[in-house]
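Take this structure first; my questions come after.
A, B, C and D are the chain letters, set down in written order, and residue numbers restart from 1 in every chain.
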Amino acid sequence: MTRFILIRLVQAFFTLLALSAGVFFAVHLTGDVVSFLTSPQDTPQSVALMRQSLGLDRPIYVQYWIFLQNVVQGDFGHSWTWGRPASSLLLERLPNTLKLAASGFVLTLILGIPLGILSAVYRDSVFDRIAKFISVLGMAAPQFWVGIMLLLFFGAYLGWLPTFGIGGPTHYILPSFSLSLFLIAGMVRLTRSSMMEVLDSEYIKFARVKGLHERAVIWKHALRNAIIPVLTFAGISLGGLLNGSIVVEVVFAWPGLGRLMLTSVTQRDYAVLEATVLTAGAMYILMAMLVDILYAYIDPRMREE
Amino acid sequence: MAKIDRSGEPLLSVQDLRTYFYTRSGVVKAVDGISFDLHPGETLGIVGESGSGKSMTAWSILGLVPQPAGKIVGGKIFFKGQDLLEASPSEMRQIRGSGISMVMQDPLTSLNPVFTIGSQVIESLRMENKGPAAKLREMAAALLAKVSIPSPETRLHAYPHEMSGGMRQRVVGAIAISRSPSVLIADEPTTSLDATVQLQYLKLLKEIQETTGAAIIFITHDLGIVANMCDRVGVMYAGKFVEQADVLPLFDNPSHPYTQALMRSVPDLEVDVAHLPSIEGQPPSLDDLPPGCAFAPRCEHAFDKCDTYPDTFTIAEGHTSNCWRHSGDYSVAD
Amino acid sequence: MATFEESGSEIVSDAEPKLLSIKNIASTAGKILRARLPWAPIIIMAVVVICAIFAPLLAPHDPTDIDIGVRKLAPGENWSYPLGTDRLGRDMLSRLIYGARTSAFISLVALGAGAVVGTTVGLVSGYAGKWTDTILMRITDAAMGFPTILAAMIIVTILGAGIANIILAIAVTVWARFARMIRGEVLQVRNRDFVLAARITGVSPVMIIWRHIFPNVINTLLIILTLLVGQTILLEASLSFLGLGLAPGASAWGLMVAEGRDYLISMWWLSLLPGLVITMVVMAFNFFGDWLRDTLDPKLRRSI
Amino acid sequence: MTTPSQINAAPGSDSSYEGPLAHIENLKKYYPVTQGMIVRKNVGYVKAIDGVSIDIPKGQTYSLVGESGCGKTTTARMFLMVEKPTAGQVFFRGKDIHKLSRKETADYRASVQAVFQDPWSSLNPRMRVDSLIAEPLVTHQHLSRTELKKRVHELLETVGLRSFHAERYPHEFSGGQRQRIAIARALSTQPELMILDEPVSALDVSIRAQILNLLKELQQNFSLSYLLIAHNLATVRYMSHQVGVMYLGKLVEEGPPSAVFGDPKHPYTKALISAALPAHPTNDREEIVLRGEVPSPINPPSGCTFHTRCPVAMDICSTVYPERREVAEGHRTSCYLYTETGTASA
């Protein structure tokens, strides 16, 4: 098991390295950073000077090496639109996104999994119908639109809930729900079908042959197996959570990483872009690694190579 | 082979059992009028090819016919005098495991992959034995030892995938007998095992039967297993018994043309033969059965009367066969 | 029906599920024809396709036509603008019809590109195995998990905005799903004896992939394709909502929702209608995909 | 039964060659077992085949029996050229098959065909029966459409099917019929050697004799050689001219079926025969119940690999693998019970 975790750690490290290289080279090979910092009036000498001061005259792999060293020390460079270090911006915004993502993820788990199980076990019951409705709607309605409609109804029309920005607990309700509806839908669908498949298996038949109570058959024997693909989905859905948080942050004017990323794109603020993309990517990679380890814990067959 | 006392009440009595499946392509009569009695300590063999309905007979007895397509549409199943088809779900649950238990074909898939052997054995023991965990562990280890699993204490911590097929099947056996059922159904328990391991397992089943006195229903397609394990045999073809007899009369004097042809078509290890008489044609599909005798299209003796399903004819005491050849009409038609 | 004798006897009963018969081109068509067709999704899908192809003929107005005289009309207020107009007097219905064109074009091209790349990768990875497989699957995993919007942002940063870059952004992440699923199928097909039989006869690897493996994964391909249409439309909508691809004023559903956001209270229909259209269309494709999967290959149930 | 027209000549079919049609010599196939976190290194080998030699004479059936993991399937696959042996050689008509030219390799592939266990898996469900049967022909010969069609119809009739079956798909056939199609396909290039890997064990009991009889008939008509893999000893006795018993990658006993099954020498063969249940309740057989299961081929026991389960094992058995001895005409076994060292120490 320790070995398994070690392997995953090493893999995560290399993936991160690849991501950083990808982002760095993509940005530095295609866009000339200096051209955004200088104006046409600048003399070639001053441009060259600027190049030199930024270290842009050195070979690209050296630049990458320096970039890596800086990143490890928490230095992503200077944002030229905000006039601050990119890292300080990052530290300011990241917690907000994490809080939003976490509340969305929790919502996904506590609504999606039980609903999926209940609808598989009690087929054609009221649970099954609710589950079907949510999964059909959630898979089809765009997150931003759901957000806007919720905002229109609960915020503007009923006036019950705050419509934008960050604040008390009530500020989380609408954004985290619009963020997670899609994932809840996916989770319900997956849990339901996974559970149904497991309920068809031989060991479930054998558990019944043993004379086990139906409760034990479902909540012990079936659930533990059915949850395995659900976990994988949870891992994949983290990517979806990041996707969604950008959109939801825009809709609800949420001061998070996603909006920062979006503005850095439109403003061509490379330092911030690199910082945010790397952070988002790293979060994804680390979470995927955690899911893998959890997976191995639940399914003994996975512990071996 | 010990003599079976058949004078008393049968332990299990199945009467005219019918289990049908309702599918889009029509009604599949998986079990269509099966009757037999099972006495304490007796081993009944149900022989048939795949799709003959022999497994579904077992699932019907256990009250676990696949839902929602499958349905028991007729018949009675008496276990110790109680009609199982009238029993409530919780009564059925009481009977499963402690009254009637089962060993299934594939030991790999019948054990839950995510729990240790120990927890799966203990789970079954706990239903009847209250006591501290340590005592249950001890009982579980003793049970594994009973089915000849070496170093049972350490095995309790193993997961199913860490054991060989033969060992897993022993674990399945241990769980099945953990609550001393009086009927054990063995559904092709050795199909996935190697020959030498199969022999070990069959010996084990016999030992279990001798020590517990359980009756066994042995479901198989292998005539060799029937010859060596069973006291009484029912030959199944397309959802029906075509012949029922004690094992010796069946092998000495097979009466139904299907039984006869089947026995002739299986090669014998003891003798050299130049040519095996084979059964021509294909086994019928259950959703498209011919009217009358299902074997008639492949039967060399078939005659006009076979268009209606034959009555049950008694060949000798305890030996019946469903074939018109045993009526007076055959010789006339011939 | 050997399937009912699942636990009974021999390998036969396991190997012979009737599903196998489905895996046959001849019977694929038959199967689809025999099953009850999901008419509602089919009609919605057909409407989208027709709108996309014949937008100029169907749209009552030019979607970009600005007419201050008819601005801010609510749906039903003026029957020559049945779904109302925006603050510049552009006809909502016409914009929605042209939006179908944008969505259909982007999804089709992005999915097509993704399908070709992904299927090739999946076939090669699954058949070749060993290190080819390891490397390709690592890349696939990374691409699959990578948030599409993030990818789109990077691409737009580098290459600038535009429809082509939206397509690229979607294709860059969507191919991985094809690759994963197809590879999974190939691994199963590859281990079937008919592939071994072809190898021992001396059939070349390219022919084995083409004649023996590819035809046996077409059903899967078809199913993934329909199931992903909905998700691609959603992605495209999200990207245009964020303004990452199309110029303001273009007729794209996502963009229309974004534009309507500033007039939520005064002109509720501006955001509501395009969102509703997206939801309905995606729903139709999802339903159809589910139906196709259940009809062709119920075993795939869990995987997507 | 129609006799298909002679189309191709076998590789090196010079009449001077008089040895066995095919034989393998001291064949070994090891699969490396690797371990390691990043850098993987070999920690051992699965010895699937460990020094096996057999001869397959023209027109005869050689059968390999043994339990799962004994290497019988791997041995058979060595003839199919899908994997290379670790050591040893495979000869066909006296030539090492791994040293053939391109052209000769193609001819070899045409002369060696196979029928597999599971007819649901061995026929591509997407191909029509005619293209399935014709595929080997198309790969190896250039025939016109009409010639191909004629040949496919001939082959269908040869295996007891009808020519209209050519236009159907595999799913329209039952197990036995599918196995007939697989046989027709294997016959299409007029092979001399056929590998039969458990050809009837996936079929319904009542169908098995049909297929066995068909195979026997084909052997007589086309003087085919068979290498048969089977676990059912009675089937093997019915089909074969020679039997080899394998245990953990080694051939422990070999001879004509009447000798191997009538007068088995090796303790493992005796145990296998005892495990094959007698066909009649009153037949009594010496009952030998072995301990445990077949050990893992990764680290097989030292000396005679069977000594861990052998009821008559002696001290010497765990040291060196016993030499092969001829105990009767054509009947050989590797067991210390039949060597001088063994009998001396016993």
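As a working rule, contacts are C-beta pairs under 8 Å (C-beta built on N, C-alpha and C of every residue); 3 or more make two chains touch, one makes a residue touch a chain.
It should be emphasised that the depicted structure is a prediction, and the values quoted were computed from it without experimental measurement.
Chain nearest the geometric middle of the protein is C, using mean C-alpha positions. The chain pair with more C-beta contacts between its two chains, of B-D and C-D, is B-D.
Computed from the mean C-alpha positions, the centre of chain B lies at a distance of 33 Å from the centre of chain D.
The geometric centre of chain C is 48 Å away from that of chain D, both derived from CA atoms. Rounded to whole angstrom, the centroid-to-centroid distance between chain A and chain C, based on C-alpha atoms, equals 22 Å. The geometric centre of chain A is 53 Å away from that of chain B, both derived from CA atoms. Touching of two or more other chains is recorded for residues 202, 205 of chain A.
Taken residue by residue, chain B touches two or more other chains at 49-50, 104, 106, 221, whereas all remaining positions touch fewer. Among the residues of chain C, those in touch with two or more other chains are 7, 10, 12. Listing the residues of chain A that touch chain B in their complex gives 201-203, 205-214, 216, 221, 224-225, 298-301. Put simply, chain B touches chain A in their complex at residues 62, 64, 93-98, 101-102, 104, 106, 109-115, 123-124, 127, 159, 161, 172, 175-176, 179. Residues of chain D that touch chain B in their complex: 67-68, 174, 176-177, 204-210, 212-213, 216, 231-235, 237-238, 257-258, 261, 271-283, 289-290, 292-294.
Residues of chain C that touch chain D in their complex: 10-12, 15-16, 20-21, 23-27, 192-194, 196-203, 211-212, 215-216. For chain C in complex with chain A, the touching residues are 7, 142, 144-150, 153-154, 156-159, 230, 234, 237-238, 241-244, 254, 257-258, 261, 264-265, 268, 271-272, 274-275, 278-280, 282-283, 286-287, 301-302.
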